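A quick write-up on the structure given underneath.
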């Protein structure tokens, strides 16, 4: 069975239908890049997967946890999928360590020493163990984003959703964040990323999903999708003529 | 006729000021507690709870405090309770303060970036946990200046309780005026005492606000 | 509770209520127009005016903002006659409203002026306008537009605060309610009715202020 099963998902904002029946199955360990123009629905799809948007129709399940709009189901689902945001969204009133420990303690009821151990381990993993006591506003954008990754990892999710996680970064800071993601991929983490980093998608991902006007327009292994795009829309998007 | 010195007048007024301060404290603390409940209703996921809080706030902000005092005073009497002025005064001021504090705090909660809600939700926190650990700690920081500022309105609001017969600073002013026939001096002194209570709060609210703005700019 | 509500007195006493409403409306009309005018002058003084006048205006604003309206009213009505300034109830009430709203609105308007981009003053100066001309023609209207919602809320607050003028026997809506309850002993009903009227007046006043803003700020009208 697939790890993430997305079946006939539709989503409307008022009269405007942004997802028009999405089907996508993700196997464990897959790294999927979702590409497409802005407004194609790719971010909305990602946000639906962990319930930040309620879907209008269809179903989503992650490792057997069904997406339903009540707090208990949402919690079960969100314990399985972590999410990284474009704007980092670190908690400014907590230290880096506090950010990574908070939800272990309040959601999973992990005791403080264990939560701290886990936080230090995860920060080590993203190369920021020395920043444990710093506050988010003392860090660069790239460092903040790596803390956000550590924060999500500390919940031990089985999949991570990455929503344009390098788009808000200065160009020279993009590489350090992508390096962390690359490592996660190598370790077998299941990843779904909305991204504009085509080179990264080509090098790291196992599958590329091209979305257009609320539908999965084309999908395949990166070498196929990038080398021989089938549809005119994807050709235009990639700038291939 | 007995001669009243300024000192006699001032002493009487200051004695009554105790009640102004006490009533202000009770109203502010009580209003804060009810206001907190209103805040939670106002940002609840349930539509009817939000509407309930909204209408409460509009009612109390859209009618004179004096009318609210009258209704508390005469309305409680309908239940056959012999209503002492302090009870009606305290009750009305608590309900009135709650409406304003609830609305001020809602503004502060809504000023917290949407990403904070989303990030904490994606970490599987429930709504109360999000409030308790992520939103309120941040909202409280920005809520301090306007909350301190509102305490000035509460102190000034207590003056109206003199009208339903609660003896505090304003009522004492009227009583002393009637005894001394020196309204200019007495009401001047009353005003100065209010000023001495309110101005430090107004000023600290301004200073706190400025500090917060500076802190924000540094982020 | 075996209390029987009784609103029959409305038939006999509604003229009192109508008269009270008229006076309350008159008070806030004068208070709003003259108060905002006074507030604008004070805001100008504090932001751009002569140095000697700034502390005077600051003292006025702080004094009013940190004392209860009731005491301001008593001071004007009962206190000032000992200086030889005898005022009628309605005159005293009107003056108190203007003085009160003047102080509050000056602070609000000043915030609007301070939020004006510096380039606006420089542009005015570069077109050979005097500082006052720049203020009058370039800065003032956008500043008012910026703070109009806050100013509108303050006008509503002052209107609701006007209920206390009944305490110097100015015959406003609250005075009417007091009068009726003393005649009919229907205190609760009398105050319920007048509270409802105040609520309606507050809603109406907000609409009126919204329309006024829409009319005096041309950019908003063009939108």
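To keep things simple, chains are lettered A, B and C as they appear, and every chain counts its residues starting from 1.
Please note the rule applied: contacts are C-beta pairs under 8 Å (C-beta built on N, C-alpha and C of every residue); 3 or more make two chains touch, one makes a residue touch a chain.
If you're wondering where the values come from, they're calculated on a predicted model, not measured in any experiment.
Peer 1: Based on mean C-alpha positions, I'd like to know which chain lies farthest from chain A.
Peer 2: C
Peer 1: Determine which of the two chain pairs, A-B or B-C, is joined by the larger number of C-beta pairs in contact.
Peer 2: Of the two interfaces, A-B and B-C, more C-beta pairs touch across B-C.
Peer 1: Taking each chain's centre as the average of its Cα atoms, which chain lies closest to the overall Cα centroid?
Peer 2: Given all protein C-alpha atoms shown, the central chain works out to be B.
Peer 1: Taking the mean of the CA coordinates per chain, how far is chain A from chain C in Å?
Peer 2: Roughly 54 Å separates the two chain centres.
Peer 1: If you average the CA atoms of chain A and of chain B, how many Å lie between those two points?
Peer 2: 46
Peer 1: How big is the gap, in whole Å, between where the Cα atoms of chain B centre and where those of chain C centre?
Peer 2: 21
Peer 1: So in the complex, which bits of chain B are touching chain A?
Peer 2: Chain B residues touching chain A: 113, 115-116, 118-127, 129, 132-134, 137-138, 141, 218-219.
Peer 1: Can you list the residues on chain B that touch chain C in the complex?
Peer 2: So the residues of chain B touching chain C come out as 59, 62-68, 70-71, 74-75, 77-80, 152, 156-157, 159-160, 162-163, 170, 173-174, 177, 182-184, 187-188, 190-191, 194-195, 198-199, 202.
Peer 1: Okay, in this complex, where on chain C does chain B touch?
Peer 2: 1, 3, 62-63, 65-72, 74-75, 78-83, 156, 160-164, 167, 174, 177, 181, 187-188, 191-192, 194-195, 198-199, 202-203
Peer 1: Given the complex with chain B, which residues does chain A contribute to the contact?
Peer 2: Touching chain B: residues 50-52, 71, 74-75, 78-79, 81-83, 85, 87-93, 102-103, 106-107, 137, 148, 151-152, 155 of chain A.
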